[in-house]
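Right, I'll just put the structure down here and ask away after.
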Amino acid sequence: MQIKVGVIGATGYAGAELVRILSAHPHAELVALTTQSYGGKAFCEVYPHLYKHVALECRELDLPALAEQADVIFAALPHGHVVPVAREVLARGKKFIDLGADFRFDSSEVYEQWYKVEHTAPELLRQAVYGLPEVHREKIKTASLVGNPGCYPTSVILGLAPLLRSGLVDTGTVVVDSKSGVSGAGRGLSLGTHFAEVNENFRAYNVGVHRHTPEIEQELGKLAGEEMRISFTPHLTPMNRGILSTIYAKLKREMTLEQVRAVYEEFYRSEYFVRLLPPGILPQTKAVAGSNHCDVVPVVDPRTGRVVVLSAIDNLIKGAAGQAVQNMNVMFGLPETTGLERPGLYP
Amino acid sequence: MQIKVGVIGATGYAGAELVRILSAHPHAELVALTTQSYGGKAFCEVYPHLYKHVALECRELDLPALAEQADVIFAALPHGHVVPVAREVLARGKKFIDLGADFRFDSSEVYEQWYKVEHTAPELLRQAVYGLPEVHREKIKTASLVGNPGCYPTSVILGLAPLLRSGLVDTGTVVVDSKSGVSGAGRGLSLGTHFAEVNENFRAYNVGVHRHTPEIEQELGKLAGEEMRISFTPHLTPMNRGILSTIYAKLKREMTLEQVRAVYEEFYRSEYFVRLLPPGILPQTKAVAGSNHCDVVPVVDPRTGRVVVLSAIDNLIKGAAGQAVQNMNVMFGLPETTGLERPGLYP
Amino acid sequence: MQIKVGVIGATGYAGAELVRILSAHPHAELVALTTQSYGGKAFCEVYPHLYKHVALECRELDLPALAEQADVIFAALPHGHVVPVAREVLARGKKFIDLGADFRFDSSEVYEQWYKVEHTAPELLRQAVYGLPEVHREKIKTASLVGNPGCYPTSVILGLAPLLRSGLVDTGTVVVDSKSGVSGAGRGLSLGTHFAEVNENFRAYNVGVHRHTPEIEQELGKLAGEEMRISFTPHLTPMNRGILSTIYAKLKREMTLEQVRAVYEEFYRSEYFVRLLPPGILPQTKAVAGSNHCDVVPVVDPRTGRVVVLSAIDNLIKGAAGQAVQNMNVMFGLPETTGLERPGLYP
Amino acid sequence: MQIKVGVIGATGYAGAELVRILSAHPHAELVALTTQSYGGKAFCEVYPHLYKHVALECRELDLPALAEQADVIFAALPHGHVVPVAREVLARGKKFIDLGADFRFDSSEVYEQWYKVEHTAPELLRQAVYGLPEVHREKIKTASLVGNPGCYPTSVILGLAPLLRSGLVDTGTVVVDSKSGVSGAGRGLSLGTHFAEVNENFRAYNVGVHRHTPEIEQELGKLAGEEMRISFTPHLTPMNRGILSTIYAKLKREMTLEQVRAVYEEFYRSEYFVRLLPPGILPQTKAVAGSNHCDVVPVVDPRTGRVVVLSAIDNLIKGAAGQAVQNMNVMFGLPETTGLERPGLYP
């Protein structure tokens, strides 16, 4: 099988990572790369690492042609711009995977409250599936419209899922402290991504008001079977790739590390991409950089009765493009690891 | 007044930073720099940034001579090695400022439990003052023996002191998530400080068991007037200098941001080194790098009822050498800012 | 003496560094900080490291008022915008130090050829002095108009001056390979200064066509007493501050390292800021970061008959703001090191 | 075909990179990973990025068993330790690829002069082939013993080969200024690779005396058909991976950029891994990081009559492990790109 693939918004970091992964995917064929900024330029002049690997030119979006030509379309666009695209693609019976936030929410009210724009297609929202295969695999198999999870949410949900599903932690005590590399902010220009401002600097941002908060709460809440309110603080760390989330929660009852690890082992037994690291080894972003893995380790602190979960991903891969391809594989009945098997780079 | 100063352990990062600061201090005169590794070598060959600024040679420790020669002695040694030095110095009526952990604890039991060595001078422990001037200034003024605070504890205690002193937070809910640059690990060699292992990497370490935990709990407990147990997770971030602590606690009652800021304003009104940044500006490590400032900002999250405090220091200055010099200034009746007035470097 | 100082273009990196240095200069008083972008904002909100150190607000340029108020005006503006400012300042009998390129050239033709704009004040060019005190100190003492050297040229000219003045190298063989931190590109936004593009990357730019080339050639030529053509390649290295220039030239005759070092020792005997490091220690950018020093070391390669000179500066200090203040000190008869004595930060 | 592969010295950076590449090579089967330091430990505990990808344990070297078991053996050991290994492997009719320096030289005298140890197998030296496929492919095809090139030499030889083979540059004028990431120094501990010493620092080392100098001169000399002496200066840049070499030479006669580019196009027409980038795009280390490519671009400077060649590689891949696998492919008659086709990671 060859799946014909179009990428909308291909010249941002998430888009370019999609192109890189798909260019080496044995069952995918890139048919169109669209962009607002580089129309007519060879893609590999915008991203010279792909010279000799990607021959396509960037072009401006011609949606009907693209929807005709491709079997599946990925969009890596700012939120609020994707609904008309999704409508057209779905109308032609093709599949759509959105890397933005427009199809991640069960409730358009929550979306509108946090993203400050109207959601113009609540009916598509009802049809969309939240694309975290480790949690929603069965629904993704038959979905036409997938909202690919945010980078922070991926790390947090995978970090807490076993504990919440088992009802082991007090849901009101969850504190999430996440640290991200700079590529998560995209390739756009801002003082906040200027090298000299980021390098040798560490800072928090959007404390208590980051838009990934309700997305995390929605999915954690489903796992826990009750509404959840968490504290979530994202931080910018001077590196390109990687997210480490440090997650704190009170255990409902005293548990040993072995008991907690057993819950994780059971939950992730058949998952390839989530790795419960052996005792004594903690997740670190470098160990997942360049791969689709999420490394997870729980630590029990008997002094405080808290469990501290460390969860690491490559924000551009498991946190964006890799997970999107994983979703494509699930949607098209391919082995889930196709095109995503390679280990990352170290150091 | 010229204070004659000796530095023991001068060639580690904290020691070298002491030398740098003291070399430009208008009322200090460096009389001896001792080291185990570089005896006989010019100090500025070990640290070429001080070429033309420091003419002394490194020498091996001759304690009686040193105690005779100096008015005050700083030690930047691994824990467990300082007691005999302190004894000798104090016996000769000189002052002693220890940058290590041996004189930070009220209780030798707590020290021994966390540091796994016997404390051989509990009587000195009783005499020692915890050298955080913003909290213990009056005692420091008359102290001969000061235990200079750890880097993480400095950032955390200054971050929480106003809230705890006022009894505004639920002490059982405190979670501290700290991130440090690599110089905090010292100049010694280990795989954990190898450039290629740290660069483009972010990781936690010593989760729940870091030795700064009881030091933080001791001082927070004194401020709160009750025993405290906190969750404390240190992380290594790929930069040289700086600590950012993100501190979470439940407010006992609903408070506005303005009310919380007013508590901080009141508490730090007359402190030069602690800066409550204006609304809208968050602490970042780069803004304090190279200075003795601690930047603090509380954020109120009404959704969760938590306050999130951000606190930033330069781990080698306010977290070590700068604070030690600040203590010296207090002990000798100098203006507290002497030799420490300069702003940091940016970017 | 208190010198009243105005800074035009104060919110770029070079401008902010001027403000930082001057805020701690014992004989300078900042009277106005002008900027195009932040009018009305407190300077320390734009640069929070200066909170509590600089109380001035940014304001838009009112040239007559500024020229009236200040004894000396520094401008850190893009080239081509400074002539009218200089005219006005000089007309009122005040001194002017330009950190840009408009007053660095002896010949307006050379300037126009490389900078692609007309020079509208050749008569001021004749009056201007090239502000490298180690070479042109006597002229600077009586100058009203100083063209502060570029960052690369400072490192290169100081690196080669002793050899050229002595006529020891074949001037046709000079190759200069320079590496700069990112702050040299300023605080403006461009893909080339985006963190994720620079970090973990090393690249050359403007190969053979960088505008500092003619400036270097002009000054090297004067030292050599003949016209010079050099190869100059600048590179961007993933760090904030610092330039290292590696300079190659054929020796006219065989010389030992001792003989070459003797030439440097003689040339820089009475210079405080230039440091000929002891044998066995090579310049590195970290050893000068935060200081006004230029570290220089020549190496003789008997196999090839070449001398290789390493020269390191902090591009924002000796390469810009520090040198400008050094020039101010010379122009006002102050000790040259005033406000610039502090060693840099390490690590 | 499945090639059975053993790796000696598998836990250094070059060794681990071999393991990573070979673990995904469709015609290679890792049979043994030997190490001095981690015997008995799972390889993926030493390198957690390979968890779930490499199941082998590290073991101590049992040479006869290894030589029996494997079809080809790679060694990533310090120089001077490989001769007995090579003897044993070759005696059993297996192939040997050495990533160290012991089999790179035509002359044992040159080796001994620069490496300060005796070469105990000059007869093997005569048998060995210098493993740069783009230059010596035919000999590699039939070789049993390959000396894999050094990282710097790979970048320099590929950068200059077209010009030297064509006799276009004055061989006495070649100056090579190379910049390397830190992984090139290996995983061993030293102050020179301590994070805080390297980060925010740029420095040269081994000026004029680096051991890659004679290796470069040997190969350049063969291409030029005459003995060559070059100036070579390596530098350490604060990043993990990548080498950029900036190479200067006088053209014998005036040439246009187009003429020079035509020489490169012709020379590299059928090479997959060497990429002559399109006009206007310069090599940068990030564009080759994670891949086996060498990006090369010549620039002509008519002002000085010099050509400046930029050449970029990933030091651990094309500069070490990737090139070694490329050699294996050639030696076993596989398509040269097998296991090496993937593009690198960006950013």
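Think of it as A, B, C and D in the order they're written, each chain with its own count starting at 1.
Heads up, the rule we're going with is that a residue touches a chain if its C-beta (ideal position, glycine included) is under 8 Å from a C-beta of that chain, and two chains touch if they have at least 3 such contacts.
Chains and their UniProt names: A, B, C, D = N-acetyl-gamma-glutamyl-phosphate reductase.
Keep in mind the model is a prediction, meaning the values are calculated, not measured.
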**Asked** Among B-D, C-D or B-C, whose interface repeats A-D's (more than half the contact pairs identical)?
**Response** B-C
**Message:** So using the touch definition from the top, which pair is joined by more C-beta contacts, A-C or A-B?
**Reply:** A-B
**Complete:** Taking each chain's mean CA coordinate, chain A and chain C are separated, in whole Å, by 46
**Asked** What whole-Å value do you get for the distance between chain B and chain C if each is reduced to the mean of its CA atoms?
**Response** 36
**Asked** What whole-number Å value describes the gap between the mean CA coordinates of chain A and chain B?
**Response** 39
**Item:** Junction residues of chain C, two or more chains touched
**Value:** 13, 181, 183, 196-197, 199-200, 238-241, 284, 286, 289, 347
**Fill in**
Per the touch rule above, chain A residues touching chain D in the complex are 13, 16, 20, 23-24, 45, 47-53, 183, 199-200, 240-241, 272, 275, 277-278, 281, 284, 286-291, 293, 295, 341-347
**Request:** Going by the contact rule at the top, pick out the chain A residues touching chain C in the complex.
**Result:** 13, 181-183, 187, 189-191, 193-200, 238-240
**Complete:** So, in the complex, the side of chain C touching chain D is made of residues 173, 175, 177, 179, 181, 196-197, 199-205, 207-208, 229-231, 233, 235, 237-242, 244, 246, 248, 282-286, 289, 299-301, 303-304, 306, 308, 310, 312, 347
